[in-house]
Structures are given as structure tokens and as C-alpha cells.
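Here's the structure we're looking at; comments come further down.
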């Protein structure tokens, strides 16, 4: 009884779990931002795109609550309604949000460049690809239908409403691993574009990759990025990298097109 | 972009997930062993208690399949039936196994000494206690009803038939964490009495504790242990400790009565 | 508050701080040794070149004190002067040492082979090169003027008299980093030819490289080395490597001509 | 040549370098905040206390530039002056800031509770205490004169204008170590109340302690804290701890009164 | 006295210590198994080849005792002899075993494919090759004479009867290192085909390599392997790899033909 | 095959292997020094006690060779004999050395204070105590006979002439472990008073303790130490600690009387 045996995983990555908007589809993660702005506009409350984007990564219902609790938004609400918002108000807004979001989703469903090549190479490496989102099942199916048509067909998909809580909790990831039948956590990588995405990965104990350029951190589609002065782009990118690394991401890359070398690097770190 | 930030959990253990038979109740894990022997006896196949116990820790349906595939059992089956057993045979046996198991469960439901004290101390330490088993829900509820009457009421319980696969897969543990709302894995400890229990813990990335004396490794109830010559007990215990450590258990103890100091040691290892 | 974030530097080496005599110029570090012998000879005390070299790496004033306190030297001093030497004697000797040293410096200012190539490659790697010495400013400027003429122009230079204490204290290195604007310590490498050079590097927390062949450890210029029987050269080199490694040097190489692969190896050790 | 020798420091902490405002004196770090608000008010630009505090930790001249570059401030400046502010404007504002700051300093110079006890215990532990600030020498001397009168007399003090750049560069710390004659970095701890304070410590390679309650993160003096509803205080404190840990602080505590156990913990981590 | 210096070996592997049967010669480790079966057959006790092989790796005298103590064997012994076996019985059986083993050794002395190439490459890498066995000197000399004729001539050989105890004790390895004059343990690798071989290596603190295919774990010679259905071979190999890794082997390979890349990998792990 | 299992020793120290002269007996390690001086005096060569002590720790025959090869000694030899010394001369001197050493041994055989208490406590901790020396068997038996009379009876003793080479090779330690039957190396500690003692410990992979005050590093018996001015004692001790730590000793203590807390500290480092 004088010896302990410490088990270490030495196999390769077996699954990559992708966030959808801003990571796999919807360059700049623009679909949800506009819907949140419209949702509050209808209640007489102007919010900025920056405010709309701040909680990105959370489940959509949680997202609405976080915006509603922002000091300026909460103040305006009280001014308009004579009292603070309640959970019932959040419920009503969420119900209203669903069709708003569903309506715009098809327009924001283009695959992010490089995704199909990445998935093809991962398939050769026997890495299963799955999808997670903060959407509900209807929104996810809408988004995935468009993605499927363009050739992106994840093996498994789980959305925030199917588990007990959305990100940064790790339940989306755990349920996806269960559906894929892939473990231990060291055999799994997740990729996302927000700080809650990174935290969910750390909370599951899996390898955590973040994208700085194609998602919510820049919050710009390809045309908007092309129009940016190069030094401003550099500054914004540097800030995005910094925030994602500070959240604890193991790797930060521009976008999913750069994902394969990271998976190879993870495989190299597993000795023998 | 020249710095990475490595996040480390520094908080205490927040949940202990207990296996039932052999860990929390049923000293010696005797309920299932007898039922398996009887199940095969009815088909004209004699199996030893040792054979009946070997796959312990697995979901019960998997357990039956492993016994059926043991060379001597498979040979006898072919001899009796003229052909190998099929999945349909396993299904039929499992259906038959359920009432057999349910019948004996109440007789093998005594709490293992020290359990209630341990749970009380864990409660003071704000450690939630949950239960996992390889039983199905009906068996688990039967066992828990007896345990409740004696004062053991886990906050949450998950059984093997409620997830995609039983141990050594980590799904029982992940689902229990989700129901408890406790993460990351470093905040969770599991305790069990078999090698698949240990492997499930390692596969979930949580702290893994094994009990050598009160469960399936010795496979003896308190009276049988008391009747054993001391040197033989020492030898069997040493072998049990050795097998559980070799499976990679972080800690091996006699039984759940020794669990609190281990939780305290884990808390000490988290700096600051 | 349950998480700590451990920051790690992952960038490349950004600055190399070179010792002068024996490392960048003056193969064999011969300039100071002769001056010390002459200094004590003038006071009627014969010292060996070995004694003259033993404290090399220190500031020159400290160097004189260490020689004066060697048992044989101190005994001779008392015999000649009837009393032990005082700090005032050290001061006087140091004043006398300065012109002695200045006079010979131009003769011992040849660049060590490979220096210019190394600096050129480091410049491509965006590694700034600076110089440190135990000389005072006048001696350093004399040595650097000769070095400049031959093409070696460090971006910044700091000498022992400009900080509170010379090596093995880390102040020369810290002041040089400040003038270069380069931090953290993991982004800096120092290179020198003596044990105090190595210790200063360790005391600053920077990467520490030592040269075994071109400096004070062998104490021979290129012609003297060429004249040595190969086995004796091997023995002396092995002893030099051993002493520098035992001082804690991270890397020991023959001379600065071998420095670039070491910088590349350091860069490789910074993951990602 | 087949062995390397890795040197490790095993001695105790020998010096503690304290930030002044918010850490040693001026509970809530209130002196600078008011001066910045007044400085911009005089130019017709209203800034919030939150904006005034955001860059705290930097040298004061850098602090003014950061405020001036905040989008809302820069916009207002252009509106008022028809063009963006220049470095010359920053110079002028800094000149004007100095008397403003000097005027209020004596009012905000109370020692933070527990400081004198801490210094007394550190003195018994042979830990030297020094002071660093982002002030210039005149402001620092003014603040220290008041502190001296109350019994706090650091052995050495260095201010941002005496080194090449203020925090987060490590030069203040390196210069202080030089004046104290204390090395290596593992023998030194710094304590401050802002993210740049933490980063300067990490950039110097020393032990880094942050205070969450008495300084700029809460930005409240003792009376304001006493007036806060307990749950709001808890929330704000938790957020302060979180931000300081995320910056990479090795330890976060309420205030300098809790510093001695941290020094003892650091000493324990040095084996033998 | 504030610094410790941790010495680390950074040189290459200097010696490989090979087990004989199943590793260097006798594909499948068949010589001893048959002799043990015959030995017990002569006493009227039938044992399976599996039983004969289970204790493989031990010194032969220990091997006999372990078989004699197997429950079924011990029971048969008592039945035949009216009392349990004694140490004197073991002695007698060992004496009888020696000629039995010696007789068959020449027939089972073929070199395992790839051995000579491996030894040639190791010789270029200046890695000395030595041999260890659980045989006595006479058996070892018999086996080595055959091996020598085929071109395999280890520099040094030590057998179990020449040290105080055979494997898993490390004495065979220590004595071999002494005869070779090679240290420290990090400069030595051992290679064997059984769990006691692996444990002896760990107990000596040397690099430990195990072969899964050519030795006792499969227990099949090349013809028997060729005759195996591929899926069964895969299963048996996977089980062999698993058992050897679980014993703590640093590396598991098919056979000694794959040994050179492992030695190169070990050399790579020694930095600088 | 995706998991490796790293075995770690978690048990206590089971054996302490003591050097004799300067560690267990003969305070100041005075017996050998005088014999070497006399040996060379008889050949007309005066050597200092410092020279006589420099190679201490080696086997005595090696010790003579190292002295004979010191430049001043070799020069004098050539002057007296017209040619350099040969191995045959070393042999003759060693033969002559034996009776010289044997004669004085009884006079220098007092136990070092604290030894018996230490051995008694180690016995309670179930730590076996053994002895190693650079003496030959006759000298060792002479020294041990005196030690036995005073109550020090090591379980096992091995001397340099019984293995292939003395220190710094690890063979003395390995042979002692074999005689004691104690492994792995992590279960063993060695204690000695010289740099070769430390290196032998590191070369065996065992825990290595050095004594700075009672042995060859100070080279003074208790009366001589008592007569030393305190500051000189401090300086010499500090230098002795420094040299032993730089050799890589895991622990340096004054003498064997301080050994038990070190063993306890080693036990604490083995988790669980």
C-alpha cells in the first residue's frame, strides 16, 4: 500500500464541440445582437449594440435578464413603468424574443470561412464535431438547417434550454460528450467566441479554444472588418485576444480556420 | 498577447457523490451478488459468487452480459442451448433479474456504520451528498426508501438507466453534478467500492475515493469479516487496497466512516 | 473568489545583456588580469595570474579588496606595512588601478569571433543587445569605443559604478532592462564568463547563459588555446563547464558564437 | 557535463514594498480621484469618479492621458477645442494637477487601520518596509511627512518620476530593491490596491499581494463602507477580489492589516 | 544558506539492461512454461500453461513456490501427499527443475527478430547492452551460449541467484549497473516482458520499457501468433499493453525491434 | 492504451545509511587526515592537513592517488625520485597506509554526540540503520568494534573495497540496500560529511543529507571548535553549508543529532 498510481490520458483529441454564432456560422455574431436591440426598442428602451453584445455566450433568457439589470436600462424601465422589472417581465420578453430571433436567423447563417475545410481535416483525424448554443431548440434547428444546406452537419447538437443552466455552467458540454460517447475531458476540446464559452470549457475540465476575430469580441462582419483602418483592427484584435486569454483560454486564434494546428498541438502535449 | 492566464480552482469540495451498495448501504455489497447467482441458476448454469461479483460497479444489464460472456458460462450456455447467447437473451435475463433483485433489496439495505455521522459532518462543511447506482430507478427507489427510513437522504440520486451508459463512463457523475448545480470537477468527490467506480471518477475528472473493506472487493458482511482469521483479513484488505490504488484512486480508505479526513485533505491541497 | 489565475509569459526573448571582457571582447579576459598583477607588484606583492583572475566578474574595486584579503596577500601586506590593509588602502589602489587598466584596454579589445554574426541574427529576431561590465564608465567607454570601431554597438551600456553594487547583485541587469524598456525577466537573457555573472543573472530572475572557452574560466587567448595539448584543453574545458553549471547557469556554451541556438531553445520552451 | 544544477531560493521574505494611497494611507484612495475630477472640471469637462479612478495605479501623468483618451472625454474635448488634445495639453494639465493634488494630500493622509501593527510585526520578522507611488517626489514627500507624523516611516521610498516609466513597468520595484539591497525577487513582496500594481509585481517576478477593500477597487472610505448595505458591500468586495485575482495577484486580502499571515504563508512555501 | 541546488541528469541513456526469455530470445517465452508444466506433471499435478506462466519474471525458485501455493495446486498436493508442501519440497522441485529447464533451453534460444539491428544501433549511440534473467548461472550461460552463436553478446550478465533476491527487487539491475560502471539511474533503461520486470525497473528508479507481443503476456511464438484471428490478436495485445501500462511501465512496445525510438525519446526528454 | 499509470512511492523512509568518520564517529573526521600526513611524511613529502582532507569521502586507495597527483605533491615526488609516481607506488603506499590507519583508529572512534539518541528514535520509526565507509573491511571492523562497545550497532555495513568502486559511485549504497532488503530508492536516506558522500547519494537516487559541523568540512574536533572565535566558526560553517548545498544535498544539518526532524520532513513530503 506504499504506492499510488496516477493515471494520465495520453490519447488524442476525439471531439470538438463548437459554439454556433460567431464561431461556426454568423461572422461577427450579428444575429442575436440586432434582435436584442429591437426587443428593448419595442419597450421604449434604447440600448447600444455594445450593451446588447456584452452578455453574449449566455442562454438567451439569461441574456435578457443581464441587459435588463444594466443600471441605465433598469433606470429607464423604472421611469417608464413606475417599478422594477420582474421575472415575469423577463418571461414575457423572452417569449417575444423568440420570433424576433427566428425571423433574422436565416439571414445570419453563412458559414464562417474555413469551417468546412476544418471539419474535413478533423474527420480525417477521427475528431467528432458537435454543436452547442445559447439558443433554444427551435432557433438552433433553424440555424442548423441553413448550416446543413451549406455542408456543415455536426454529429450532435445541444442547446441551452435542454440542460439545467446555460454557460458558463459546463452542462451543455457534458451532455454533448454523453451523446457522442467521448471521454475523458482531456479527449475533448471546445471552441467559442465569448468569455462564458471559455469559462464553460474550463468548468468542464476540457481543452478550451477561443476565436478573437470572427465572433462577438470584435462584433463585426467581414465587410465591416475590411473597412476598418488596419491599426484600429490591430488594437481591437489585441484587446480581444487579451480578454480571452485573461479568461483562461488555453488557446486563442483568429477563427475556426486556424483550429487544426491547435488540435495537433494538444495531441503533441500528450506524451507517448 | 504574450501572457497566458492559467485558472486554478482554489475552493473547497462542494459535493460528494456516493455509490450505494457496498459504499453507503449493504455492507459487503451482498444484494446484487445473490441475485446474479440465482438468475443463472434458473437457467441451469452454476456461477460462483466470485464470478457474480467480478463485474460489480457496472450497470446491471451490462453486468449480466459480462457474466454471460465469461468463458465457462458461455460454454455451458452453448452446451445447454446449442448456440451462443444473444442480446435478446440478455434482455430477457435482465427483465427476470429486476424482480429478483427487487425482492432481496429490502433485506440488504442496512446503512454502513458511520454513514450518518459522515453525512452530518459533511453537511456542516457545506458538502452536498448525492447517490449514484448501477441499479434502475425502481431498484434505486426501493433501496433509497429503506435508507431514508434509517436517516440517509441524499439530495439527488441518479441511476445507470437514466444516462446513456453506466460506469466506467462518467455520465452518472456529470448528470448528478448538473442536478446539484455544482462545478467545476475539482469541487466534486466521488466514493465507491469497485474498479469501475474509480474509473468513472477519473473519467469525470473529479476527486476519486475508494472503500476497500465495506464493499465488493472483500465481498463480506460484518459478521463474515469478524469470523475471518486476522492475518487472512489483512491479506485480503491489502489486496483490495492494492487493486483500488492500481486503478488510479486518489484515496483508498476502509469505509465511508473515514471519508471526512480525506475531504479535509483535498481542501488542504487547494492553496490559499 | 474560488479561482486564481496564474500569469505566464509566453513571448520570445527580447533582450540579451552581454558581459564585455571574455564574453564579447578580449578573448581570455586578459586585460584585467595583467593590470591586477601589476597593481600589486608595485606594492611589492607578487600575485599569480590565477589569484588575479579568481574574483573576476565583480566590480573592479571589489575585485581589489578580494585579492587583498587572500591569506597569502594579506600576510605579505602585514609583513611589508606592519599592519593590515584598510578601506583607504583599497581606495588608493583603485585610483591607481584605473590608469593602469585604461592603458592596456585598447590592446585587449578585439571582438570575440562570431560576435558580429550573433548580433546580426539577434537583430533579425528583434532581440536588443546591451552591455554590462565591472569596469567604471571611463574604462567601459574606452573598451566600447574600440568595439564600436569593429562594428559592435550595443543599444545600451551600464557599468558597475553606476549602480549601488556590482555583481553578483542584479542591479546592473535591472538598470539595463529599464533603459531598454524590456520586461518581464523571462523576456531577458544575460551572457557572461564568470560565476558572479551567472549569479547576477539568477538573482535577477532572467535566463542565464555562460561561456566556458572564451573567457576567464580558461583565461587563455586564442593562441594560448591553440598551443594547449588537446587532452589538457578538454580537461580544462570540462572543468569550466562543470563550475559554470554548478553555479546554476541555465546554459553553458563555448562562446557567444553559439548563443543563437540557445535563444531559440528558450523561445521554444515558452509554450504556444 | 551531464548535470545541471537548478538554484532555488529557500530563504524568507526580506522586504515588503507598499503602494501608498489606498494601501498604506488614504482609505479608499480618495485623494487622487477628487483632484482628477477637479482638473477636468476646470476645462469644462465633467468626468465621473468612476472614470477618474479607472487608471489608478499608473503614474499621474499617464493617468491624465488615459482619462483624456476615454471616448466621451476625447469627444467633449474636440467639441470644446475644435481639435483633439495633444501631448502638450497633457503636459499643461499635469502641471496644473500637481498643486491641486498637493493641496488635498494632507487631508487624505490618514494611516489605514492595522498598518502600524503590521509594520511592527514585519520588523520582528526582519522584513524591511519600503514605499512606492505613482506620485512625483514632492507629492510623495508631502504624503510621507503626514505618514511619518503618525508613525509610519518606510526605510526607502521611490516615486514614478524617478524611474523611466511608472507601473505596470517593474522599474519602481527594481529601484527600491536596489536601494534596500534586497534580492533575489523571491525575497520580495509588493502590496497594492490596483491592477497596475499587481501587474508591476508580476513584471518584476516578485510575490504580489493586492488589497480589495481599503483601496481604489471599492473606492470608498471607512464611513462610506459602513453606510453600505451588507449585501451590496459583499457584491462589490467579491467583484474587487475577482478583478485582482484575474490580474494574476498571488494573494488578495481585505487590507494591509491581513498582510502578516500572507508573508508567513510565502515563507512556508519555501521548503526547508 | 538561502539557496538549494537541485541536480538534474541531462545526459543520454548509457545502458540498456535486457531480460532474456521473451525479450531478447525465445519468442513467446516458451522455454520456462513447458518446464514448469512437466515439473508438476511428474508429481501428479496437472497445471495449465496459463498457471505456469502467471509468475513469470520471478526467480525460478520463487516461481515454483508461487505455483505450488495456487489454491488448486495446493489442494491437489494435500490430496496426494496428505499434508501441505514445505520449503524442503520447493528445494527438491527446484533441483529437479534445473535439468528439465537446461534440457529444453537450446531449443528455445532463437533471437527475437530485430534484436541484432537494435543492438547495433544502440552500439552506435554508445549504449551498453547487458542481460538479466530469473535463471541461475548455468541456465543463463546455456541460453547465452546459443545467443552468442547467433551474434548477440551482451557486455555483462547477471542472474537471479547471484543477488539477494530476484525481481521485483531491483538488485539484478543495481548489480548490472555496478558491473557496467554506469550511473545514475536516469542513464539506464531496462526492458522486459513481465509485470515483475516492470516493477524491478521502477524499484531501481531507472527508465522502464515493456514488450507486449514477443513475451510472456501473449505467451505465443511467432507461428502461433500468425495463426491467431486478427481481432483476437488485437484484443490480446490490447490487454497486454493495458496490463503493462497499469504496472507503471514508462513505455510499452511490441518488441525489442521498436526499442531505439524509445531510447531516442528518453534522450529528448533530458533538456539541453 | 490511452492511459499511462505513473507509480509514486508514498511510504516512509525505511533505512538510513550512515557514513562513519565525521558522521557517526570521529568528530572532525580526524583519523584519516593524520594517517595521510604521516604516510607522505615517511616518503619525504610534507602535505598540509588541508591537502590530506581534500579528497575525503573517496575510498582510501583513490584518496592516496588524488593526493599524489596534486601538483605540489607530484612535483616533489619527481624531484625526490627522478620520475612520476606509478600505480605500483600507489599500491605500495596503500599497503603501508593500512597499518598506519589501523593503529590510530581506536583513538578516533568516539561516537558523535546525539548518535545513540538518533538511532533509538529511528528504531522507533522502524528505520533501519546501516554503515558505509571508504575504509577497507579490516579498518571498518576496527572502527565498528569500538562503536559497538559504545552502543552503536548498525544492522549492516559495507566498505569501499567490497564493491567495484567507492564514492561518488552509488555501489556502496546499492549493496547496502540489497543487504537490508529495502527499496525503492525513495525509501532510503544517506547521511555523510563530504561532497563525494552527497554525490553518491544523488547517484543512487536516494534522499541525501549532509552534516556540516561534525565532519571533514570543518575538520575540527569538539575542543578545536570550542576554541574558535564565534564569528570565524560562523564563517566556516556557512562555507561548509554552502559547499554541501551546492553539491546538491537535499538537506544540510549541523550533525547527526539533527537528523530525525529531516526524516520526518521527508515522510511529510510523501503524500497520503
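Here the chain labels run A, B, C, D, E and F in written order, and each chain numbers its own residues starting at 1.
Note that in this section a contact is a pair of C-beta atoms (placed from the backbone, for glycine too) under 8 Å apart; a residue touches a chain by one contact, two chains touch by 3 or more.
All values reported here derive from a predicted model rather than from experimental measurement.
> Which chain has its C-alpha centroid farthest away from the centroid of subunit E?
For subunit E, the chain whose C-alpha mean is farthest off is D.
> I'd like the angle of the rotation relating subunit B and subunit F after CA superposition, in degrees, nearest 5.
120
> Can you tell me which chain lies farthest from subunit C, using the average of the Cα atoms as each chain's centre?
Most remote chain from subunit C, centroid-wise, comes out as B.
> Among C-D, D-E or E-F, which chain pair copies the contacts of B-C, with over half of them the same by residue number?
Residue-number overlap above half with B-C among C-D, D-E or E-F: D-E.
> D-E or C-D: which has the larger count of contacting C-beta pairs?
By number of C-beta pairs in contact, C-D is the larger.
> Calculate how many whole Å lie between the centre of subunit A and the centre of subunit B, each centre taken as the average of the chain's C-alpha atoms.
36
> Using Cα averages as centroids, what's the distance between subunit A and subunit C in whole Å?
Chain centroid spacing, subunit A to subunit C, equals 54 Å.
> How many angstrom lie between the CA centroids of subunit A and subunit F, rounded to a whole number?
About 65 Å, centre to centre.
> Indicate the residues of subunit D shared as contacts by at least two other chains.
Within subunit D, residues 1, 3-7, 246, 248, 272 contact more than one other chain.
> So in the complex, which bits of subunit B are touching subunit A?
1, 3-7, 163-165, 169-171, 174-175, 177-179, 181, 183-186, 202-205, 238, 241-242, 245-248, 250, 252
> What residues on subunit A touch subunit F, complex-wise?
My answer: residues 1-11, 187, 271-272.
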